[in-house]
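Shared between the two complexes below is chain A, which pairs with chain B and chain C, respectively.
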Partner chain A sequence: MKILVAVKQVAALEEDFEFRADGRDVDGDFLVMDLNEWDDYSLEEAVKIKEACGGAVEIVAVSVGPPTVDEALRKCLAKGADRAVRIWDEAMRGSDSIAVARILAAAARAEAPDLLFAGVQSSDQAVAATGIATAGFLGWPHAAVVSQFTYTPGAATAVLRRELEGGLLHELEIRTPAVLTIQLGINTPRYASLRSIKQAAAKPIELRTLADLSLNAAEAGSSARVRRMYVPDKGRAELIEGSAAEQAKRLAAIIRESTGAA
Partner chain B sequence: MSGVLVIAEQRRGELRPVSLELLGAAQALGGLPVAVAVLAPNPARFVPALSVPGVAEVITVELAISEFDPDTFESAVGALIRARAPAVVLMAHSVDSFGYAAALAARHGYGFATDVFKVERTGGELIATRGGYGQKVNVEVDFPGRDTVILALRANVFKPPEGTAAPVVSAFEAPAVESRSLGREYIEPPGGDDVDMSTAEFILSIGRGIGEEAKVAQFRELAQALGATLGCSRPIADAGWLPKSRQVGQSGKTASACKLYVAMGVSGAIQHLAGMKHVATIVAVNTDAEASIFSVAKYGIVGDIFEIAEELRRHF
Partner chain C sequence: MSRSEAVTRILFEAFPAAEVRLFYVLGFAACAAFAYGVYVQVRKYRRGAPAALAGGMWPRLGWMIARVLDHRTVERRDPAAGGAHRLIFYGFTLLFIGTATITLQYDILEPLFGVRFWYGRFYLVFSLVLDLAGVALIAGLLYMMVRRGWLKPPKLDYARPDRSPGDPDFDRPQYRREDWAFLWLLLIIGATGYVLEAARLVWLQGRADVWDTRWWSPVGALLAAALRGVGLGPAGGGALRHGLWWFHGLIALGFIALIPYTKVKHVFTAMGSLMVRDPLAAQRLARIPESQAAPGVAAITDFTWKQLLNLDACTRCGRCHEACPARAVGAPLSPRDVILSLREFAHATLESGTLPAAAELNVHGKSPGQVAQETLWSCRTCMACVEICPVAVEHVPIIVQLRRKLVEDGAMDPLLAKTLATIHKTGNSFGESRRRRGAWTKALPFPVKDARREPVDVLWFVGDYASFDPRNQKVTQTFAALLAEAGVDFGILYDGESNAGNDVRRVGEEGLYEVLADANVAALGSATFNRVVTTDPHSYNTIRNEYPDFGGRYPIEHYTTLLERLFAAGRLKVTQPLRYRVTFHDPCHLGRFNQGYEAPRQLLALLGCELVEMGRCRSNSFCCGAGGGRIWIPDPAGGEKPAQNRIKEAAAIPGLQVYAVSCPKDLTMFEDALKTTGNEGKFVVREIIELVREALPLAAPAGAHA
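== the complex of A and B ==
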């Protein structure tokens, strides 16, 4: 059995940052990269399935992105992925979730997994679309925001709970192969040991081009175009300075004013 | 039709409030005719609630199942879009939409944007605004070459229309579909303590910054003294330190009535910010001056939350 775990290297902004000259994105020099928080949980969920059945499961981490993404993939290898695949073409730069999903779907066709996990959303752009769009391209059954998952390798269906607004859960049974987007809190992701980090550093990361997947860049269209990016007027909070006593006094005044209890 | 198609959202027989907000947003789209579709068993029961000013047509789509199912919704909404050819489809940025909208957009090549909090249409051109990089920037997107664009709109942003109207009511027959998942049951979140965050006007919320479960009591007492409802961010509820019913943010309870939000030790994960951004007055207390929460807060205090909590307690 095989589980494909789609991961993303996300970008956080440095405290001071500048936009690119064309105003459509932040200058890459001001981005701090890391593995998406949600992906830690989907990888852990795959590792749990593997451990529960004694190991006859291959876990493949896959990501679409430039060479810097190798760092995120090595993290996945250190935390339990058996293989890591990175797909890239310079023509993909700036692609949105739908364009990435088209590529992930092609990768899934090539790998033929029993399950495909992706995070519910990414912590940077939070589109919450990549996993389910991938299922759309594949034509596979899918469920979003999965907070509990039960599957026995080889079974024709899995049982899961979707986490709805307000923590209400909806249980359903789904046919496999299926695409599931995994929610925070479904498990407790492990830390990688020093030994596994060392071992991961020596493992290969398999590279694929769009041509390897019989895709071309012209097909890999995004579903929207960024016109401009800007810092909203509201900007940052007005900082309340002073000692803790002074800060608390001002906070008390704000509370009285806002609640009309002045 | 080339107008606006709004997909109303119902759960367990009740229309979700965001459905009416979508109708409010539809009116800002430069006078395009607005049709709203409701997909449910016996959908006619929702017609009165959806008959508000600005709605030209209510489309009822009879479904055999009462709970959300991705295959059923993708098929029915897809068929509606093909039949009506709307320029814009508006739906909620909700867990149910997460379950099918992206697949629909991907398969049919529709323009697509999610978590949209501003939408405008000038000279026939549709522009949507959403957050980026953990809500620290605004991103304006457009959809060149797309005849149909699906927008998933953030809840608690758009104003629902007031009053009643008499739109045309028509029925649309959803194509038969063999669903590949089978809904079993709803399960209420465990450990609820009968608090309704959706009606709370003043919420004092705690996050990861409190460090350990033993510290919860101090803030529970503080909230009581302040006359606030105690809430929390996701990690606190996931750890079981407070019941899930007290979690606020995008995946928690919609704090729709909240006017004052004091967040202590909440760093501001993206889903938390997206879910609380609508609150008029947010005060963030955090030791980390770079915490994302400061980018949505009106007031910020960089400092030790326990010390501030103790000092604040003296004033009440």
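== the complex of A and C ==
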């Protein structure tokens, strides 16, 4: 029994930040990198399945990204993943969710897991497509926004609940292998002590290239590219107080100001 | 035989040889039972992990003997019990030495070397001393009985805050029975000793060497007079003496045999514990040895032999129970019960011939003898228990070792886990960006030096709360202004500084502490400075006591001593004395941990404040509740918080105007408690730094200084 957990290292903005010279992203100096919050939950869900059955489950954390991603993968190893796989090629730089899904699907074919977990979305890009697109490329059953999951290793099906709008829940039975995107709150992710993270540093992280996955550069690249990233101009709001006459006067002034008639 | 040699202790006189032999057989049996008990105890300690002891053997021995003799640790905060214990101790010890001396002559020196000294004047003086020792012993025992039976101090109530009524180990009546049995046994030994002596006198009243010297045993002589008064004659006296001799002798031998199996063993274990005491037990926690596979303590055998000895030294005196801030507000923790639980656990598992299976050695849980998570997470590591323990039990390192295991298992409050992850990611507990650590300096009218770029005289280690908490930032800015006005050449590490790690370490996250300590030692190493100052007692403690283990040795002081010196040197002058009625809260990490009791008080006096002490002050200061990482764990709703308990204590001071603190976390905790206890408006909470500022209003416009 094997569970593949697709994880992503996400970027969080510092309070003051600057854009990169090309204007297409924030300068890396102003980003704090960490494991995507949703992935913490999907990894925990995998570890719980492993613990519940006494260990005959292999958990493989997989991520697409440059060497800096190793830190996020080490955290997964510290929290209970048995192996970590990082897939990288310069052709993958800046790839969108669909390209990443194509890469993950190739990795899943190579690993042949019984389940593939992904987070519902990533906190930095929030496309929420990677997991489900991976299922599409694999042609596997899938469920999104899973908030409860019951599975006995070896069983042909799993039972899950997923969140719908308006407080409704869906309960479904799904055939394995399947792809599930895991929602926050499905469990309580464990704390990875620094000691376990340090010990995980000694474990190898397996590297896969395009060739290893029999992909070509075009398949790994994005079909969309970011043109620019920017902070929109801020609107303005003002509560006008005072008597009706004062309010009217202020309103007139604002209108003159905004139409350039001042 | 000369007249004086005839004046001696009557031993086996008129005993048939068979009875004497029987007595020796029983005596050896008692010694054998004692020796076996000692062997079992020593084997138990040896089943613990190795322990490294700091300092030399002889100074430790000297310190222990001095404490045993002066009883200083026993009488603290309970002089009556301490005094009674002193009477029992000296009484018992003298009587023991007396009996041992008889054996020395009768069984060793005389038969082997023909040496006799137990006669004449020596015997008479000794007889007087032992008679008085008996009085001391009985007086002490009677007070202890009155104390247990009538005074009933709450600290002697064995009901546990971490168990519920109905639990098998809730209030442990067997402890009460043992306490009383111990007192009665000693009392009976002492009392029968006197009656025995009196019976002997009545029996031998015809012998001048005995009768004429009887007043050297005044209590015995008085009792003899009384016995004669009620009609006892020599023959009756002889019979009574024979019977009582056996009774007294048998319970005395029984007492010796029972020592290693009962609370009486504290006479040895307490001495051992005092001797292996670590004066920095709570201030400087132990690193995890490289060779240790799993951090912390999971099994009872993971404790060191020294900690197992600590467990056995506990006398259930309840002083730690009384001092514990968590216990005082109803949290499920009593340091006494952690120790007693673990002792029961060690007794049940480590005293048998073969060690039970590993699974039965796990000390974490809720079964009798185990320690629950909630109990461990209630601890503030404020050191009140360690500080007051008369027999040097070191509770805090034991609790932190247990927590290390919980941290490794992730068994902690989710908010705490989140905070630890945040500290790892950003280097501070506020989750702020590293580069904002020095942002508070932007509001100052002068630049603050970056100590990594230019040499400074004083390196100011600012700490998390003083750097990021908006309320504390004001204090931080004020302190910077005071330093500038006094012409102190100072600088900070800006984003090179990380959380000092004091509380992270006390939470039990040793791996993260190592990262933080290494980072700060590296940052401090990149700066050139003469000494370190900090306004944060937590940072002060870990840098002062724990960074040396990470290669960082710096002269460091808390701001209170620096300001005091600046005043003494005339570099700061009070221009507007304050005349406030203030009370001062000793921060645990400044006071108890590092004896910084005087400087804050002297500053308050310099400012013209009238200091009214709270009942719990100095070494008995009551923790604000933030220590040991508790500031990152929400307190249960509804219950009283330690800070509220403390503010209520201060509120009882008539006419109090200012509650002075000298710790950033104290400012946060007590301003909050002032509001939640409804005391807002009655008095204010102020950092001493703010009071100094108030007494030295800015003479020159801002920015005018160098």
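One rule holds in what follows: the second predicted complex is superposed on the first by the 227 of 262 C-alpha atoms of A that agree within 3 Å, B and C clash if a C-alpha of one lies under 4 Å from a C-alpha of the other, contacts with A are read in each partner's own complex, and residues count from 1 in each chain.
Keep in mind that, in the parts below, a contact is a pair of C-beta atoms (placed from the backbone, for glycine too) under 8 Å apart; a residue touches a chain by one contact, two chains touch by 3 or more.
Given the structure is predicted, the values throughout are model-derived calculations rather than measurements.
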| item | value |
| --- | --- |
| Partner chain(s) touched by A:211 [first = chain B, second = chain C, both, neither] | neither |
| Touched partner set for A:198, first chain B, second chain C, both or neither | second |
| Dominant toucher of chain A (residue count), chain B or chain C | B |
| Which superposed partner A:15 touches (first chain B, second chain C, both, neither) | both |
| Chain B versus chain C as contact partner of A:232, first or second or both or neither | first |
| First (chain B), second (chain C), both or neither touched by A:223 | first |
| Chain B versus chain C as contact partner of A:190, first or second or both or neither | second |
| First (chain B), second (chain C), both or neither touched by A:128 | first |
| Partner chain in contact with A:141 - chain B first, chain C second, else both or neither | first |
| Interface residues of chain A shared between complexes with chain B and chain C | 15 |
| Footprint of chain A on chain C - complex, ascending | 288, 295, 407-408, 410, 412, 414, 417, 420-421, 424-426, 432-433, 435-436, 509-512, 514-515 |
| Sites on chain B touched by chain A in the complex | 11, 67-71, 74, 93-96, 98-107, 109-115, 127-128, 131-144, 146, 180-189, 201-202, 226-227, 234, 237-238, 244-245, 247, 251-254, 259-260, 262, 269-271, 274, 280-285, 290, 294-304, 307-308, 310-312, 314-316 |
| Contacting residues of chain A [partner chain B, same complex] | 11-13, 15, 26, 37, 97-98, 101-102, 120-121, 123-137, 141-145, 159, 161-175, 178, 181, 183-185, 221, 223-232, 234-240, 244-245, 247-249, 251-252, 254-255, 258-259, 261 |
| Complex contact set, residues of chain A against chain C | 14-16, 32, 34, 188, 190-198 |
